[in-house]
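Next come two complexes, and both contain chain A; in the first it sits with chain B, in the second with chain C.
Take a look at the complex of A and B:
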């Protein structure tokens, strides 16, 4: 027997747990304005999460999937993308979406049970939240195929969780993307837990990034709590895709500091101490320490930022609650070019009830 | 006063149990302050306060199960907080309207002569205006010193903010009869049944769905009773006599195994009407107790039922039921058998009836009786023989 192929998986970390550079940093990481903007969106996500959970607990929002702990990955990916690119999210990547112009109110509207929240006023061609696991990956490969056929310099970015990488759709999408050298990046957000299944029980693979190898595409790991590292890795992957060199799989290693959703209780399955240890590595504090070491951040700015974010969130709650309820017609409006007779009848029935019992 | 009803804390959950309160009546709370830990089928979750104000009532104690939609907490809202959507319980009314924030970022309104007039607005109003595409400097503020409030922006912005609403029939919400709805002008607020009343609803539905009920009525002539006779104690003794005559009615029927258990002791459950609903405390072994003993036990159970201090042991395993509804009103009824028991005796209001005595007419005090039995395992003959024995015992002078 002789070795016919060898592979390796590289790991990127530009800021260590204490917020200190591990080596030379890219230009954007020395620009206070860029750092402030990334930190602003990360903080907005964190505060938004708390408000959304409180709204759910008081009956004003449906089930909600929190993002606490993922902010660096989400914002790093968003900051690396271009406006013309297309995002295929899962359901908790608010940091990327906010960066791309999705509004807080739209997020509330969606989790309030109203699909119109996915009708983004900002990134019109970004895909909606995708609750079925992994189905967004073939969507992204398809969008990337379209970009390639049209000759457009655009990329698709698909998110997937650690559990999602066990799904066939993920492998199929990677395979298609590899075979056609499509301009797409698959971002695996490995937060350690697929609801209650730890990643060690999910797969025997040493890394999730290595799943890319089977599809013939590069896979790389990055510290998902290091926004600078994530942005840098993503910029390289997107540049590669835009240059026609094909897809990349990026595995961001982070930790879900929240429950899976508001209908979950992680204390029932997560080992004691794991959460506390993960909080020591949380992404906001890391970036803040780095900014403080550059003398471009202080307590006053922190306070002002939090007040500004809180005001924005409160305004978004108002806008969400002021959003008029959908009419019963909306149940029938978007599935058929010509509505079948039995559904016409149901639509009429629904209208009668809406008027009679409103 | 604002009431906070327990929301669905998961996905389609019907109820949640109180684990512990973090607040007490009289406490002042702020929006989003942790208020109570609730345990659902899936999780223990912290429920924060939706309001700023003072707690005036807590509905339940640790261990109590609260139905989704049932009242959890009452608040007296802070007077200074204007609440445009208090009726729907929104958090809209709790937006901070802090004067300090106003001075930070004044917008300016240019006047014809080029001078600038400051527009004062809270940051939330400013941001909402921006999102709704409104120029905040064109809005008239209704707050102190012309302060533009969130309400002003809402009032100005809502028509423009709803371009996606259908032009014709405005969207309306279907209110399900099963969901708690806000009070309307002409109907009462839906009160979700709790505790005893809820249990009654369940056991009555179960009885309706399972028992083949048959009711027979008659009267006991009690003209001969000594004065001061104890009605309930006499009824209990009569039931014991009836059950001795027909033991098959002092029994449980198990439909699943199509079997019955006939008991030698007679445990009579007495229906007690309480403000919270029906309660059925049980007097044990009535066949072997003296009238004074029965009276003491009746008194103990009545007080315990009224105060809701009865232990669970006093509320289970009755083998026969008695409803002494006649102390209020009503002569005959079709009382409901609660499985697994198979018979219930209803005693109506005693009245002075014209009766034939030999060839003469007399006026006698008579007690109307209604016996309902589960015809699945008791024959009509058995039932009326029991009723006959009850009447015979009741018609004894003492």
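Take a look at the complex of A and C:
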């Protein structure tokens, strides 16, 4: 037998675990203003996450899916995207969403049990959070198809988790995108765990990036705790997509430094010591060390940033808590452009029996 | 005015909308060069190109999900599922996204999608090619479900479905595709959605049906007219939301109700219609409501399919018993 095709998977890391460059860095990584902005959103995301978990623990928020540990992936992706691009998130990519203009209050409102949180005032064309696993991937391919049809230089970005790559919809969307060279990038956030199932039990595949090969598109791995590396890889993938050269799969290797959701208890299934080891590689510290090595960050700036983020989060909590419950009409009013007769009747009944009458 | 079959009428409607609305895009398996397995899209890719009439990879869930993405970007996808028996992989996208997106984004993202699919049996097809699964779709808030019964209605309802700002599931009865020709004016005029179409007036019994069964019901009604039984036949046409008002008006005149559908009885649409008339029109009734439906069995392979689908004889017997009760 002869070999008819061969493939390889490349891995990118630009800042090592200690925050030192592994080689030449892109221009944006030497610009303090850009570094500060990425670090600001990563920090905001981390502190927001902590606050959201606390709110849930004290009964002031519903079940919440935390993102601690994913900040470099989220912000690297967000920073590489353009405003006119479209994001198809899963349900914990707050870093990318904050970068793109989703507000802290919107995220609180959503996890506080209210659809109004998905009516983003900022990125109007971004998709809402997507709970059924992998079902967002075909949406990104469809949006990319629309860009291609209209000749617009825009891209769609779909997130997916490591567990999500087991779903058919992930492959189906990659396959379509490859067949039509669509401007879309699929970002796998490989955080090691799909609730309680580690990646090694999820699949025999050596990498998740290689799943792209079956769809005939490139797959690349990146250190997902290295915001410089993620942004660089994403910029290349998006440039390629925008140039009409087709989709890419980016596998960001990171770690879920939290439970799956606030309803989960990872101590039931995660081996002892793994979490503590992962904290040694966490993304905020890495970027901070790098900025300190450039002499563009210090303890004073850190303290000021944290104070500013905390004030923003506290203001968002107030806005969230001041947001009155929606009327029962809102269950009906967005089902169709024009409400059918039987729903007009049911809306009337719901008004009469509204809990607490609004 | 040309005489056309139902499948040709659908082709005319698709052609009209492709020609008049640049946002309309057709997608599905084998719909391009092959023109669809029933030829509903024949000639359209030649005329409008491979981007506006797209052959997709073979993945129904992906087709529905792709339509969601395209519609969210302002296109009006008209997607074909090759047979309704293959709708199941697409249900995740239809139920979890298509039906809900307007609601869950408070109107920020709306999805003007048409999902076309051949519906029902009677054409000697392989297994899984003859299903009547409208109940699966009607149960979901946020979807319209439409099922035409003639070429002219297929043309007008298809135009209405594509122009509707919300997702419409468009069920095309396979045994009507080529059953009869009718004069259809290709004038781009849509028919209204959400209303019944009266097919025949009568004073003794209301018979509600849709899709291919309308023809069997009309044959039964013709036979019964010789026995001086007058059937008021309503073609439901939009299966969700149901035009309960027209049904109740008719029942108020006739005092009797028979519902005929090909789908299985258990949790079928007939139950919803019967329940509504029982709730609101009970005192108009002179006899118990009757359902004449497919059996609660698996849709049989084709040698038994005409034993499953309610026959003219079974329909006539049921109506007669209801009138004489």
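By definition in this document, the second predicted complex is superposed on the first by the 348 of 358 C-alpha atoms of A that agree within 3 Å, B and C clash if a C-alpha of one lies under 4 Å from a C-alpha of the other, contacts with A are read in each partner's own complex, and residues count from 1 in each chain.
FYI, a contact is a pair of C-beta atoms (placed from the backbone, for glycine too) under 8 Å apart; a residue touches a chain by one contact, two chains touch by 3 or more.
None of the values given here were measured: they were computed from a predicted structure.
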**Request:** Assess the superposed three-chain arrangement around chain A: do chain B and chain C clash, or do they fit?
**Result:** fit
**Request:** Mind working out whether A:179 is in touch with chain B, chain C, both or neither, as first, second, both or neither?
**Result:** second
**Vertex chain A angle, Cα centres of chain C and chain B, expressed to the nearest 10 degrees** = 80
**Request:** Could you tell me if A:32 is touching chain B, chain C, both of them or neither one (first, second, both, neither)?
**Result:** neither
**Prompt:** With the two structures laid over each other on chain A, which partner does A:341 touch: chain B (first), chain C (second), both, or neither?
**Reply:** second
**Request:** Would you check which partner chain A:116 touches, where first means chain B only, second means chain C only, and both and neither mean what they say?
**Result:** both
**Prompt:** Is A:145 in contact with chain B, with chain C, with both, or with neither (first, second, both, neither)?
**Reply:** second
**Request:** Would you sort A:153 into first (chain B), second (chain C), both or neither based on which partner it touches?
**Result:** neither
**Prompt:** After lining up the shared chain so the two structures overlap, which partner does A:125 touch, if you call chain B first and chain C second: first, second, both or neither?
**Reply:** second
**Item:** Touched partner set for A:264, first chain B, second chain C, both or neither
**Value:** first
**Fill in**
Superposition result for chain B with chain C: lowest C-alpha separation, Å, rounded to 10
**Asked** Which positions of chain A sit in both the chain B and the chain C interface?
**Response** 116
**Message:** Taking the touch rule as given, give the residues of chain C at its contact with chain A in the complex, in rising order.
**Reply:** 25, 51-52, 56-57, 59, 61-62, 64-75, 77, 89, 92-93, 96-97, 101-110, 141-142, 144, 164-166, 194, 241-242, 244-245
**Message:** Quick check: in the complex, which residue numbers of chain A touch chain C?
**Reply:** 86, 88, 115-116, 118-120, 124-125, 127-128, 131-132, 135, 137-149, 156, 168-169, 172-173, 175-176, 179, 330, 334-337, 340-343
**Request:** Would you mind writing out the residues of chain A in touch with chain B in their complex?
**Result:** 50-51, 54-60, 63, 103, 105, 116, 259, 262-265, 267-268, 307-308, 311-312, 314-319, 321-322, 324-329, 351, 353-355, 357-358
**Request:** In the complex, go through chain B and note every residue touching chain A.
**Result:** 4-11, 32, 42-50, 85, 89-92, 95-96, 101, 123-124, 127-128, 131-132, 150, 154, 158, 161-162, 164-166, 169-175
